[in-house]
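Note that the chains are named A, B and C in the order they appear, and that numbering of residues resets to 1 at the start of each chain.
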Amino acid sequence: MKQCKMYVVFLLFALSLAALWWIASGGTPWQGRDGARDASGGRLVSLGDIPVSNYDRMGFTKAIVRYIPKEKGWLVGTERGELFLFSDQGEQRWKRSLGIGKLVSAALSPAGDTAYVGEQSPTGTLYAVDVHTGDIRWQYAASDFVGSDPSQRSYPSVVHIAVDGKGTVYANCYRFLMQKDGGRAYAGRMIAVRRDGSLAWQYPRAEVIDSWINWCDVNDANGRVVLSTSAYDFREEMRYKDTLYFLRRDDGQELRSVAVAPVEPFENTVLRGSPNFSADGRYLAASCSDGRGFLFDGRGNILWERTLSAPTRVAGAWINASGRDGFALAEGVVFTTINTFNRENWQLPTPVEHPSSNSLFLFHYDGSFGYQYRARGTMEELAFGEGIVACAIGRNVRTHDYSCHGALVLRLRDGRKLDFYHTEGPLQAIAVSPDGRHLAGVEAPVLTPEGRTIGAYRLHIWRREPAGPGAPV
Amino acid sequence: MSMRQLWEGNDSAPWIRHVTGETKLLVLLSYSVWTLAIDNPETLFYLFAGTLGLHLVARTSRSKWYVLAILLLLGLWGSMFSQALFYTQTPRTPVLVLIRPDMPVLGRLTEGLFVYREGILYGAVQGLRSAGMLSLGLLVCWTSDPRQLLQALLRWRLPAQIAFMLVTAIRFLPVLAAEAGEVLLVLQLRSGSRRGRRAVLRHLPYVIQPLLTRCLRRAQTLALSVTSRGFFLARGQRKQAPLPRSERILCLACLAVTGGVVVSKILYVLSEQGFYWGAFRQIYDGAKLYL
Amino acid sequence: MDELLRISHLRYRYGTREEPTLRDVSFTLGAGEMVLLAGKSGSGKSTLLQAVSGILRTNGRGLLEGEIRLDGQDVVGWAPEQIGLLVGTVYQTPDDQLFAMTAYDEVAFALENRGLPEEIISRRVEETLVRVGLGGLGARGIHTLSGGQRQRLALASVLVTDPKLLLLDEPVSQMNPQGARDFLQLLRQLNRERGLTILLIEHRVHELAGYFRRILLLREGSVCYDGSLQGLWKRPDLSSRAGLRIPACVRLCRALGLPRCTEGDAEMAALIRQYCRIDPAMPAPEPRQGTGPVRVEARGLCYRYDGAETDTLRQVGFQLRGGEITALMGCNGAGKSTLLNLLGGVTMPERGSLTLDGAPWQDRLEAVGYMRQEADLMLLTDTVRNEFFWNNRILREETFRQMTEQMDLAPYRDDFPLALSKGQRLRVVLGAILARKPEVLLLDEPTTGQDLESLDAIRSLLRAYARGGGCVFFCTHDVELASALADRVLLLSGGQTLADGEAHRVC
């Protein structure tokens, strides 16, 4: 009997050790270890525990995901500073821990063998990572270009990365500073790094951009780099107040700058997720926070301007749905809008939802309206496959409609909804394979106003079948 | 194996019995610093697993494994359950509802009882800390002669009286364990009811007094015994053989790792507070990933 | 004979007491003497030993007067560790004084403290172990040694430093008779062969008488007798007042009015034949067998410990009647404690049946009172009163008062039980058990370490309990006690019943 008891205790002990290892190594049941599937039949891969953010505060959970055709897998970067390569089946090929930084931006080399990953950290490093092995080929610290002041929590980050056909990387390095008088200040610089890791140029050379630089793009056809700048409040002494700066791709020489005049009640024109060149370099699409969509020519002249979401005064408050993305594609010019916001303070409630919020718009190159597809949550990110657009649908801070979260696939041509894969938490990032058959997104955990935590920080991998959604991988 | 034998140890592998008290205490102290400094659950798990590995190579007997397993199971699951249920920090995510807040009476009284996933992890971390310490502490107890430890403490220039008190505490572990069992049995025997004859938990509060009294008496006798054998008189006369080379290396390695862990952790915490130096980036990364 | 220890007008009063514990103690001890220091509980034996060891000086809470000269030096102001260079002390319980993990390390401890070279330590440790009969056991773990071996080890741990004087505080009180005899034989050998001076405290004079020529008798803090044992036997008033148990032979000699008292059986037989007339027609004493109903019935009890190759109890069966006192006897390993544990409900028999008044034993466990050998561990509370009332709902104040008066505990009702004398502590435990009115009373070695006064008190308590219809079943090594107290004796050997019958026949 005693022997029996002893063996039972040993068995329990062994099981407990296994359970502890399971918990301690991040394989907790709620994170869905290898092999777990979501409601749509997609693969679930845990990306570890991260702080759960409030549902009503948007944009704090970062994640990057890219499809790597050469590897037939997914490159995923996390808030925890970890970079993974997963197979289509969700098996981890490698994991590269990049340390204390938060990975915020990524781009692939034209050959698809190198990933350029940017982080937000006290150094704000830009890494060139071999996607096959996970080895770091070279790295640059943004702090060397825009400084760093950890005592003020003013961490530099590589906010956006673009790559040209030669493999030269163009990265926007930026940090936000709080001045002694309480005013906001910015320090930004674009750096161009050749494929071999040598620094090609930096813009500006002898100073930093004193406004914020969210986005950039490069085009081989017209040999130009464009970056957009903005600020919450422009001051007299600021030098970089224009909206777009065009640089020569080869040496970073400034070619021209374009100032886009704001509309009432806004004082500035702010670009968040644009501009982007068309593949042939003839067009440039951009969407503004004030709800306008623009199509420029390759040199920066406005071809046309469309109002996606007109700021409207309702019950004494200005409300509108911010524009964010702008793409000039073969099918047309695509713009997106996000949640409805109160002009006074984006955290204040709004009496109604703007009818153009959370939408994807397509216009033809002649400026004629194609369609509007209204999702019920924020279009957090767009990814394009053959004839389709995949949208990561995140929060709706006004309606708290959690059923809208997930991956939405539309046919670009006519905006027809092809698939929708629901996720419990908001989907923050998305990527799609060029053929449109493979889809992946990163879900974030959020704390709802009711005090419930929904979702988890995890990767979903779906395989799209022509027949419809939910086909198991 | 009697309770007393269980707590005394000369059935372990000879090599570990011959390791000097200084080395054992230094490893134990270093380990305690590591477990306190490290927050990473995975690293803590491996440290804990390392102590179990040491038990294996020290050939800890099956009966002792049995006791170790029971103590560890109680500690680990106790910590995890309590934290899973009563975790108060935010965010906290319920993974299981034990009592719904809208349940009549109980729900209103407790405002709901949930198992929180963050609590489970937090409890596991705390449990691993104490389990590792317990496991290594028992290994030292089970493989050390009290004299060994006494000599180590004296070598560290601890006053003889304090060293003696510390070691007496260890020396009395087996006695305490044996007598606690006896007192518990006596409590059962003195119970007037059939239930009391089998109860354990309800008798526990009464175990302490007789046990303590006995221990004080025993400690007094032991003190008299070692005093009359010249322990306090001959402090300066004891021979102090140098540590074997292998142990010196081990001690230095432990000190180096401890120093490394503490410095890395301090640097990392400072960096979180804004005191960041770019040259230490790898240390920060290492601290974040593994500590 | 050179004088080794001289104590002159020694007086000591504990800080917490008004009366001195040692009043006026004076005696000398010659080098090479082996002396027994006896006296009943509270007579000051242990205090005297502490005074010689130098403990009282450091204690600081009492007043010590008088002179203690050791090897010609006044040691009253010496630290215990200094005195320890001349005096080795062995205490009652070896487990309390042993410190190391192996026998070798334990013995080496004192020499290491003196900073001797390893080779000398090694040689002397081996020699000492051989001397106490533990040769070849140096590597053994202390817990693997028997109780007797552990006490020998405690002796070796002080002998190794070649002390001039060896003090022993009731070293055999926890041993069985054979173990005690062996240990005393060893002491005598050390005394004779090496000229070691020995002062041994013990009140079991009746068992130790043959080993000592001189006895010091303490009573109320003073030496009331210092002389030969033969001389003591001639003064029955003194021995009984000092609470000593007189050897049965001596008592018989006295009862028969023989011209002299002797402890030797053969000599006594010769004296009886010489001075007494034996009447073969004299009837045998009336059997004291219980006549009450059979209350406890055991049939075919078997028990085997985990890992043991054979049964410790093999087909043991017996009956206990109401009002009967039964002694359980046997050598070490006979299975006495195992049987008591079965009856006490501590363990369960593997085979066989055990009933109380026809009901299965497990259903009537609450009707069984069991006093374990280490009675001190059964004291749980702050006062004697609380001990009696602990978890006891049937005890009334009036009954409590009566019981404590009968047990001579009335003045101590609100005292801390563990501060009482050994006999008093045992009576408190026994009283607390009896206060529950158990139907069966089990006692494991109830008389170990008890002086005559305590023994008498225990005896009358048990008799009174048995008269009330209860069954008493006690385990003892003390043949004299068994024959004096028990109606029946159950003799176990090798886990089997060797004899079961009237006490005077079996004993």
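In the analysis below, a residue touches a chain if its C-beta (ideal position, glycine included) is under 8 Å from a C-beta of that chain, and two chains touch if they have at least 3 such contacts.
For clarity, every value in this text was computed on a predicted model and none was experimentally measured.
Chains that count as touching both subunit B and subunit C, per the definition above, do not exist in this structure.
Overall, the chain located most centrally, as judged by its C-alpha mean against the mean of all protein C-alpha atoms, is B.
On a Cα centroid basis, the chain most remote from subunit C in this structure is A. Subunit B and subunit C have CA centres that are 39 Å apart.
Per-chain CA centroids place subunit A at a distance of 47 Å from subunit B.
Here the spacing of subunit A and subunit C, counted between their Cα centres, is 86 Å. In the complex of the two chains, the subunit B residues touching subunit C come out as 2, 4-5, 8-11, 17, 144-147, 171, 174-175, 179, 182-183, 185-187, 189-194, 196-197, 206, 209-210, 213-214, 217-218, 221-222, 224-234, 237-239. Contact residues of subunit A toward subunit B in the complex are 6, 9-10, 12-13, 16-17, 20-21, 23-26, 28-30, 49, 51-52, 81, 97-100, 122-123, 141, 143, 148, 150-153, 445, 447, 452-453.
Those residues of subunit C whose C-beta lies close enough to touch subunit B in the complex are 53, 55, 79-85, 87-89, 91, 93, 95-97, 99-102, 105, 109-110, 112-115, 117-118, 141-144, 154, 157-158, 161, 344-346, 363, 365-366, 369-370, 372, 374, 376-382, 390-394, 418, 432-433, 436.
If you check the complex, the residues on subunit B that touch subunit A are 41-42, 44-45, 48-49, 52, 62, 65-66, 69-70, 72-73, 76-77, 90-95, 117-118, 120-121, 124-125, 127-128, 268, 271, 274-276, 278, 281-282, 284-286, 288-289.
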